[in-house]
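Following: one structure in structure tokens, then a few remarks.
When the chains are written out, they are named A, B, C, D and E in that same order, and each has its own residue count from 1.
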Amino acid sequence: MGVRFENITKVFGPAVVVDHLNLAVENGEFVVLLGPSGCGKTTTLRMLAGLEEVSAGDIYIGAERVNDIPTQHRDIAMVFQSYALYPHMTIAENIAYPLRVRKTGREETRRRVERVAGMLEITGLMARRPRELSGGERQRVALARAIIREPRLYLMDEPLSNLDARLRVQMRGELKRLQHELGTTTVYVTHDQAEAMTLAHRVAVMSAGRLQQFDTPMNIYQRPANRFVAEFVGSPPMNFIEGRTDAGARVFRGSRGVALPLSENQLGRMNGRERVTLGIRPEHLLISRAAREGWQPAHVYVTELMGNETLVFLRLGNEKIIARAEADFRADPETPVWVGFEMERADFFDAESGEALR
Amino acid sequence: GGTGGAKQLTLAVNSGVEGDALKQAAQDYEAQTGVHIQIAEFPYANLFEKELVDLGAGTGAYDLIMLDDPWFPKFSTQGFLTDLQPLFAKRGRGGPDEDFVPSSIALCRHPYSTGALYALPYVGNSQLFFYRKDLFEKHNLKELKTWDDVLAAARTINEREATGAPGGGKVYGYVMRAAQGNAAVADFMPIFWAFGAEMFDAAGRPTVNSAEGVNALKFMLELGKYSPPGYASFNADEVSAHLLQGTAAMSINWPAWISSFSDAAKSKVIGKMDFTDMPGAKLAGRAEIGNWLIAIPRDAKNMDAAFDFLLWATTSEQMKRSALRGNPPTRRSVFTDAELLAKFPAYAVQLRSLENSRPRPRTPLWNEIENTFGIFLSKANTGELTPEEAMSRANAEIAKIIESGR
Amino acid sequence: MKRETQSDERRVYARAGQARRKAAARVCVYALIMLALLATLAPVYWMVTISLKSEVDQFAVPPRWLQFAPTLAHYRDAFFARSFGQYLITSLIVSVASTACATTLGTLAAYALARFRWPSRVGTRLSLWILSTRMFPPIVTAIPLFLMMRDVRLLNTRASLIIVYTAFNLPFVVWMMRGFFQEIPRDLEEAARVDGDSRMGALRRVVLPLVAPGLAATAIFCLIISWNELLFALILTQTDAAMTLPVGIAGRVTQYEIKWGVMSAAGVVAMMPILLFALSVQRYLVRGLSLGAVK
Amino acid sequence: MRRRQILAAEYERALPYLLVAPTLLVLIALSIYPLIYAVRVSFQTGVGTGARWTLQNFTRLASDSFFLSALAHTLVYAVVALTFEFLLGLGLALLLNREMRGRSLFRATLLVPLMLPPVVVGVVWRLMFNPNFGAINGTLKGFGLNTEALVWTASPKLALASVIAVDVWQWTPFVFLVLLAGLQAIPQEPYEAALIDGSSPWQTFRHITLPLLKPAILIALLLRTMDLLRVFDQIFILTEGGPGFATETISLYIYRAAFRFGNFGYAAAMSFVLLLLTNIISLVYIRLLQRQETA
Amino acid sequence: MGVRFENITKVFGPAVVVDHLNLAVENGEFVVLLGPSGCGKTTTLRMLAGLEEVSAGDIYIGAERVNDIPTQHRDIAMVFQSYALYPHMTIAENIAYPLRVRKTGREETRRRVERVAGMLEITGLMARRPRELSGGERQRVALARAIIREPRLYLMDEPLSNLDARLRVQMRGELKRLQHELGTTTVYVTHDQAEAMTLAHRVAVMSAGRLQQFDTPMNIYQRPANRFVAEFVGSPPMNFIEGRTDAGARVFRGSRGVALPLSENQLGRMNGRERVTLGIRPEHLLISRAAREGWQPAHVYVTELMGNETLVFLRLGNEKIIARAEADFRADPETPVWVGFEMERADFFDAESGEALR
């Protein structure tokens, strides 16, 4: 079942929480909603589920307009950000509830409950009540209650946020498989880039209730539509350097004599714009302790050891930038280093509008 | 209610010994005549409101009702009741026979004693004066003729019987029933009358604040000094309890209690209690009458059947049965019946006091007036008001009531 | 560093008699409860003794709390002298039926008022009106109700009492339950409906179990009210056929005397069914499990 | 499919109205007619055929000293009784809102006074208050106190206090019942947070428990106030308003007017005053306590 | 204030949830609790806060035994995993509550509330009630309520789990700074490796209620005490290859002729053990499309594009292993590749006990 938001707006009192949202999700597509806290993701899901009335606009599931169709008739399964488990029921009863209301046979119910429980590693908890579970266990129960059904639509609101890395990877795999097998259209909210990247067919990036970009994960990452997306997606975030283009010298000039060569095509993209912002991701910066041709001098001001890599925070001209380095890279504050820019990977944005220049 | 065929009667009775008697009578009647009689029994307090509402709404729910005589004026003036005269006539009789005690029959007429007959008297209660003859002998007190004798006796007993009660407690000379409302008034009226006071003058204006009235009240308070503490809240129950426990020596009370004094389960003064006429003062003592009447509501469905039962139930042999069930009769013949006299030695006294008893003023506003009067008597009893204030304010309020009643 | 020092001594003091204070607190709690129980039960016990005492003992001075010759006379009198059995049955039927009706209707209404979107404050207004119907003194409504029942030929029937008690209890139920519904996190119903349950299903399967304590309390109270109601029972019934226990009991206050023993006996017996009910719903009175429901 | 869902949508929209409908119907049916009736008679004197239209019932109110003092008694009665019942009820609810052995038994036992028919309560207490045979003075005497002055219901000073005491005894359990149910509905998390934030037991009570208990408190206060302003049975049995009018309340006075003096008009007129009073007080409560609805 | 757990055990009914935990946190130290969902982290915090009674053992804060000291006297600030906001108070009141109970002056209260609100970017929400906030906003309020105080001890239970990457990095910074300035001992639960690595002085890894290792982030990552730690820390997790040592040939032999050279010292560490497990992290595997001296042949079976890198899932012998590759690495399933092992980075574990061999 496809899903279509047409000019959806939601206001709470004075606050406009979702602002003319237009979004068309293909049938069988897995879409991830990405966006800062409070940007309207949950509200969007809730409107789609019929738990919030839309203030304006239309929502379509498949061909039909569902604005007025009560939740229970929309045939949707949802994982609530706040799990919303039934406190008076055992875990087993919680998970079985959607089947119970559909009068599924006891035998089949048992079978399916066991299957999802196994899938989510909560088999041992069946007889407990929600308040006797750990946070992550509760979250998995909430997830189980959703995926035990085969609805027209899955809505999942940060369903893995309270799980440990190992489980999260595993669950990711399970969800991917499940969605692949059933081909159920899914709208998924997460703050975890790995989830967004690995699960999504397409990612919708929202900010303050407005849709910023709706594209494949790779494009979102590699061809952000504007500076917001570029900065928001990817951690540590992309580095930005304010500056101006010197068309004559074919260089981008940042502060304090920072000068970076520009390709023909890059110059073309700027077509004449003077003030632009250069954006480059930490992994596209190279660091050397010795000066090199065309590399920029900079100073380390702090390093963060991540185990698998080291993040190097640098002062370059007036800008602060972050670079990724090998795990064993070490440098004391104020160490002078030289930074190499993989310029072909650089992105450029209009200094005012923040639009990407392509 | 049964229609036409009159095979069924509904009867509203007071729950208590009177009602029970009539109830049993009804069963006998049913056995004899096959007329089914349904009994609706209500607490004394509620019987009045039930009848007021039912009769007012003319539901015709009841073919016969028992009523306490003070209610009669209201019901009759509002035309709730059926005139019995025609029914007598129908059966070729002039009216009730002469055997009925006149003072009782008088209650059943509207206007009082002169007007048409709307009910027949069933239970012939009237106040008696109870006293402990053993104590009177012990302290050789003189026979009670006047209220001053009562006061004197009370004083003596109070002094001499500080530990004379069965529990070793004090015996109070007198116990007064002075709870606000009906109780206070009922116990006060005999004194009030004996002192020569009257509720109303000839023109129907209240005169309770007359000198006599005030004196009567003063005397009552004086008597109160020899009553157990808290008598201002006493009702018949507390009074009787004191007499039965032997912690009080004298009181006004109703015949219904007489039997209790010889009941070991209730009484610690078996054989020690005696009964006499109401004491006098300026005038001869007269008890307050309190009869139970039976009447036929205006909207009764089976008047004739009802009237037949009424006649049957008030015949002397039925009334004798009722008497055996503990109800004072309203017929001389029954009062003087040998068998009964043997069983109820007080009957002689009862008949006397019934015959020269006095009814409460016959006005439809009596409940209201009695209530107000009671309030001020109570205020006097608790010392809130002086007798003068109490009486004059009572008078004013009663005047108001009569005014608004017009 | 004032804060530090202060919290320091706080802690010292705390450590000092920690265990002792705990124990002391527990003792206090039990002591207080015992006191409350005493105050509550003394008159009840007194009533029970009265129901077992002959009149002589009832008024004995000093009062006899323990030493008296028990008699069942009053119970016999209470239950064989008049058709108490019948009253008991009527009372049971009337109060159970009216409680059932009131709690059912009232709960539904309360749910609607607490949970659904109503046009501008209509919800609140309705609730207020519902409440106001309970403010009129029954004494005054009794007569018109009597006339109504007469006109619809319901006088002297159990039905009339059931209807009246239902109406009498409804405002209480509505307000009580409305309050409890508002306490339940909405997410739970939303989850239920997402899971495909209807509004009513969600109410039955999810919400009601969570407001069980409130519902139990409400039911108990409705039952008590209709069980003990006197005025309407008096006005609307005429014969033993439809009379309730309180009427029967009140009947023992006669013109000349109160049958203390009989009334106490009746009171003791009248109390029992409710007490049993209350005991049987105790377990529902325990914590609403709203814990850990939502993050 | 589509039509089914459109129907579903319609049903969803209609549902709240469907849910309140039965309640409203019952209440309208049983409250409108009595209201009209009361209005009519309150503007009439005499009954039935002899009725005349008049304002006198209302004009008389102002000049009726009995009515005014009854009003005063009622207010005193309500305020004092409510204060005690609320504080005691709240205290008990808090005491018993914890895990402890025998809790459910305690809870049920504390409800016993509520379960007794008011008539019986009146009778039992009347006996206990008796200055000479009563259990109270008897016990006090047992402790060697002089009880000559303690004539309870017979003393204009003590009478009101006495009847209030009985009311407190009988109705505190109700407040307790409602508040306990309310407490049970409060989730645990805020309490843990409060502990962490270092709030003392009193602060926790003040800042967490009370606010979250508001709905229950509102209900308890509303219903108790309404009933206190209409109090009838116990007083009627205990003192009939005496001595010297010291315990006469509005309802007693209304009752007399209607059922003793057959003056329904005046009774109705007084009831409207009572209704007005109750309404005002209720609205005040609601202003103060109603949790603002966040839909 | 230091914190010491001595043989702390917690049982819920039959289940042993924390099992003889011994842990000593230095004064001013920032300790991160790491562990799978349901391993007892929250319970540990709650016992330290006095919200759960300990079943056995003693807890010390500073010098004093606090087992019997009621929570409100322990002077602790805590962020609950389930926020536990006061539903009836506005956000401002929620945050101010700890000050209110301490009778702090209105003026100062206002100041401090504003400061933390600003710090957590919730200034605009002050007048709302919790139920009108988004998940992440609620979480920040919970955090604000904790850090507005200067207690002896901070306990934080996944305080950033529902925030977006940008906010999370930012909050991480704030917390680090705060803890640095105040030097308040902090116990912090998280599932986010970056948080653990960057915030913690030391990390305590728990599993099923037992402490597995308590060491600096780097040591946890580079010198895991046992196989569980090695596998649990780091995502994607370390690769494990079952095999036996051939002391003669100085090689490690896996399945299907996989043979890897061992250094003197590595052999020494195994001192004679036959059956061992080799562990190596994805970033220490190199991939080449052409055969190379000493590299192992393998097959790609799936690749995951993460944007900043590509995860390559390989079949090597009977084992499935994961390698990290450049973002632009692409390969269809079944592509044959050669894998290079940075053997000096390899770790070895006892095949039975799973203990690291050092």
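To be clear about the criterion, contacts are C-beta pairs under 8 Å (C-beta built on N, C-alpha and C of every residue); 3 or more make two chains touch, one makes a residue touch a chain.
What you are looking at is a predicted structure, and each value in this text was computed from that prediction instead of being measured.
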Via touching chains, subunit D connects to subunit E in a minimum step count of 1
The chain whose C-alpha centroid lies farthest from that of subunit A is chain B
Farthest chain from subunit E, going by the mean of C-alpha atoms per chain?
B
Max contacts between which two chains?
C-D
Between subunit A and subunit D, what is the gap in Å from one C-alpha centre to the other?
58
Distance in whole angstrom between the CA centres of subunit B and subunit C is 40
Chain centre separation in whole Å, for subunit B relative to subunit A (CA means):
94
In angstrom, rounded to a whole number, how far apart do the mean CA points of subunit A and subunit E lie?
22
Hunt down the residues of subunit E that sit against at least two other chains at once, touch-wise.
70, 73, 75, 81-83, 102, 132, 135
Subunit D: positions in contact with at least two other chains:
12, 132-133, 189, 258-259, 291
Would you give the residues of subunit C that are in contact with at least 2 other chains, written as numbers and ranges?
59-62, 143, 147, 199, 250, 253, 258, 260, 290-295
The residues of subunit B that touch subunit D in their complex are 48-49, 52-53, 56, 74, 78, 179-181, 228-234, 238, 241-242, 245, 247, 365, 367-368, 371, 374-376, 378-379, 381-382, 384-385, 404
What residues of subunit D sit close enough to touch subunit E in their complex?
189-190, 192-200, 203, 207-208, 211-212, 291, 294
Using the touch definition up top, name the residues of subunit C that touch subunit D in the complex.
29-30, 32-33, 36-37, 39-44, 46-47, 50, 58-63, 65, 105-106, 108-109, 111-113, 116-118, 123-124, 126, 128, 130-141, 143-145, 147-148, 163-164, 166-167, 170-172, 174-176, 178-180, 182-183, 199, 211, 213-214, 216-218, 220-221, 224, 227-228, 230-231, 245-246, 249-250, 253, 258, 260, 263-264, 266-267, 270-271, 274-275, 278-279, 282-283, 285-288, 290-291, 293
Under the touch definition given earlier, write down the residues of subunit D that touch subunit C in their complex.
12, 15-17, 19-20, 22-24, 26-27, 29-31, 33-38, 88, 91-92, 95-96, 98, 100, 104-121, 123-128, 132-135, 138-139, 141-142, 169, 173-174, 177-178, 180-182, 184-189, 215-216, 218-219, 222-223, 226, 230, 232-233, 237, 250-251, 254-255, 258-259, 264, 267-268, 271, 274-275, 278-279, 282-283, 286, 290-291, 293, 295
Residue numbers of subunit D touching subunit A in their complex, please.
2, 5-6, 8-9, 12
